[in-house]
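Remarks on the structure that follows.
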């Protein structure tokens, strides 16, 4: 139906929708030649692949957030999704769906609080489920691992801090909240097979939580795996596929563990920087400052020469090492002040590098270090990258 | 969530809602023939003034050029001075996951529009553009443009780009994301 | 009570509020000398005066807006108030209260819509009333005169466009919505004494609406006062005190009317620009591009050399004329790209000039044109100025 | 809306809420003495390293300087490198209608805080700052600073500035507006 048919149809109906419809009808304008009206449609994004990347802009503790769907192959924006204050963006089913945990108020930044999970189809960007949860999300500058899907995508979990520490369990098959599971003084959520999820505790141990569909759980602490004065950054790398946890401290020491249904297996810590580099003040720094290419076992660490306790200031370099041996493979100069990095999991990997201050995503060839694209204008302070881990 | 994008669905929805809410007070009964049809025609600025302007590209980041007046190009649809955008106020959907004629995924194409006549320097013709807003998401933010070629004040709403033109969008979400610029007619 | 007493008090109570309270308690830290804890308080803004100015940043059609309370005497930010999409900010009682008309959704930019009025005390910035209204606000880039208080501050009114044109009447004494009053194809709201409000209609006439407390109204059209091809800008100047309406068209012709309980009295239109200036392409341009100092009858018009139909692009100059005679008094060069201007109503008036792109408010001496202050960082795209009209 | 700003009111509220919601599971019962009191003490970084830094002012707009490390000044409380702001992440309330120790009008002072020890170059002393968030309004936006001197990861929450420290604020509004930097102790 064209605009030109519209007016007569409205007249036939004998009732028209007020001024809005009136203004709309003016488009049926006989002083113009009756050429075909261009077809108007709604886009659908192509299916997710291993180079799909989502950039989240929560601003700086702002009430609204925006999630940009970007095709990393060509740095094209495919669409956007809305979120509330300090959201968690999770990808499941090889990137075919996205779950966002939201917090929203009914009087802008006051009034009644509403926490809820929205599930999106990553092609249509339509909401496929809206799940109410208790108003307990732990609101921090976004730590991506403070909410997680289970390894089988059947459950989603989020952390509560106050009034008591707990983990909220959500059933994504039934689309309903299950239970708040009480926990001790532990943080982050790393899923392991067979309905296990791990947390990292203040004392330096890992806590394994085995839960059933009703939210009953048994909890077991591992040994303490790092000393008290080795401060582990807020954004470790964790693969839901390999269940490998890779965790730098403020000085560039990397702790690693394999998290299984049976328990945590810790590797010997490795050092990214030589003694000489440490003397030259090389340290990690940024937000998501570590990423791993699983198949080749290459570890990428965002770093720069810097003072102590500047662990969140962006960096301009990436050190690439063998994650098993610590062997230095290469060093990349990014030529931008980068807050977050993430590498794709295919066999021709790209390294995505996000600058919050420049509101720009840069794409590099992960092997050659060559810059191959960028996407600018990503909101106010974008600093979160989310990639489909289980693609390819 | 269903995706009915045809005019039929949207207009039927709008009409039903109007019928329910306004009762005896239909639009035609209210405003008579004032707004509808031929009386509006002489007001549309189709004088092709676009060709006569001495000025430069209109881009929000280039106020000197914008102030000089509208001078369109036909090469880059994502630039603010692309000819179809002569009266756009907002974000070009082509930069947001849509195209010049399609809305980004997950948004809702409003059946209502404002209009402008834009001169295409490529073929020397002037076309009627019916700007349609894509609704139901926060402002896209990409490719923000404020063009006002032939734009009229709000008391001539069908030519006003300051209005959130989401009337009749899905769920009645009166929230602006971006704008598409389809051609719906040609100056005869 | 100091932080140091807090811990013992909590212990006495025998119950403490989880991790949040625990972290809070760590402030009670005996390794530090027990010096007095600094007193922590809540600010209250000084009483409003004639140099108070409110800057509204609705972004560019964004979901959240911010209203900055600024002391124009010294360009100091006194506080902020939150608002939703495309809010109307109204000042009453000599600036002692502020009413904001809001639109908000429960799923960010989707879902259930809620329209409501919040009334604020302009000293404490506390909400003193929250009034529900029908979800009918006409959402446009903010036109300040599309909502208004009555001249006696007893009522507030807002415009609806779809599904039928109407004006919503709100009783600010009872804090409740009264009625949607049907109107013809007219726009803007200019209050006049004795429960009258005027609108401007498509045909070029003014509509006087006389309403009672129940929202019953009688409506009378004035004569047509401007030709069809004289396009009146979206932001005229109107004084709730003098009831004088001052309305430029795109080319710098000024229409004026006095709006009384009896009807609209129109003045002869005046031209701001000479024929020579018109040939040199001087035209008005900006958002709030006209303001009047009531006592001296000085009219300020934001203008620049420009092409046709660039009426919303900012300007760098202000033309000052006698609003009765059209006599040119002076011309100010602002040296910034200004979107909106407003003059204070005291006898040493300041001219506030707002740049949306620079997110900065500039303050000028209205008489000498000297720049005397600025306030930067006012959000994303601030372009609305609101001043207490009835101060001094 | 009442303005109870005393600790008593806020803590009583928090305690009542906890009592209502958590039942048997009081904080002390849950975490034992682990978090409370003396066991935390050795962890607080009060080594006055601030004085030893070779680096420059930390300002979000000056990343080179920020990366070099913390070097505080005691002249301009609205600048990010003012000594009290050594571990602030957010907006300085002094720029938002508040002061260094008072919240802007209409906000709510949270009774909870994170802490840091900051070196004052004016008197050569190191002070304990208990950063307190003012809550219940959108982010102020003015004077945005991200300082991390002595800042610890989230598993040491009492030293973490990434948390929205609005626990116990009025109406339980967990929404961040700005931060004040009161002195609550002095390195002895």
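The letters A, B, C and D name the chains in turn, as written, and every chain counts its residues from 1.
To be clear about the criterion, contacts are C-beta pairs under 8 Å (C-beta built on N, C-alpha and C of every residue); 3 or more make two chains touch, one makes a residue touch a chain.
Here the structure is a predicted model, which means the values were calculated and not measured.
**Student:** Measuring centre to centre with C-alpha atoms, which chain is farthest from subunit C?
**Tutor:** Between subunit C and the rest, the longest centre separation is with A.
**Student:** Centroid of subunit B to centroid of subunit C, CA atoms only: how many Å?
**Tutor:** Chain centres of subunit B and subunit C, defined by C-alpha means, are spaced 27 Å apart.
**Student:** Quick check: how many Å separate the C-alpha centres of subunit A and subunit C?
**Tutor:** For subunit A versus subunit C, the centre distance works out to 39 Å.
**Student:** Just curious, how far off is subunit B from subunit A if you go by their C-alpha centres, in Å?
**Tutor:** 35
**Student:** Among all residues of subunit C, which ones touch two or more of the remaining chains?
**Tutor:** 17-21, 62-64, 82, 108-110, 127, 161-165, 185
**Student:** Among the residues of subunit D, pick out those that touch two or more other chains and give their numbers.
**Tutor:** Residue numbers touching two or more other chains: 14, 17-18, 22, 27, 30-31, 35, 137-138, 157, 167, 177.
**Student:** Once you've mapped the touching chain pairs, tell me: line, ring, star, complete or other?
**Tutor:** Here the contact pattern is something else, fitting no line, ring, star or complete shape.
**Student:** Which chains touch which?
**Tutor:** Result for touching pairs of chains: A-B, A-C, A-D, B-C, C-D.
**Student:** Write out the stretch or stretches of subunit A touching subunit C in their complex.
**Tutor:** 17-21, 62-64, 82-84, 102, 104, 106-110, 114, 118, 130, 161-165, 185, 380
**Student:** Spell out the part of subunit A that touches subunit D in their complex, as residue ranges.
**Tutor:** Residue list for subunit A touching subunit D: 59-63, 85-86, 103, 105, 108-111, 113, 138-141, 143, 161-165, 182, 184-188, 200-203, 228, 231-234, 285, 304-315, 337, 357.
**Student:** Subunit B touches which residues of subunit A in the complex?
**Tutor:** Going by the criterion above, the answer is residues 1, 3, 6-7, 9-10, 13-27, 29-35, 37-45, 64, 66, 69, 77-82, 120, 123-127, 377, 379.
**Student:** Per the contact definition, I'd like the list of subunit D residues that touch subunit A in the complex.
**Tutor:** Residue positions touching the partner: 14, 17-18, 21-22, 25, 27, 30-31, 34-35, 43, 49, 53-55, 58, 60, 63, 66-70, 89-90, 136-139, 144, 146, 148-157, 160, 162-164, 166-167, 171-177.
**Student:** Which residues of subunit B touch subunit A in their complex?
**Tutor:** Of all residues in subunit B, those touching subunit A are 1, 3, 5-8, 11, 14-15, 17-19, 22, 26-28, 30-31, 35-38, 40-41, 44, 46, 95-99, 101-107, 109, 111-115, 127-128, 130, 132, 137-138, 140-142, 157-158, 167-168, 177, 180, 182-188.
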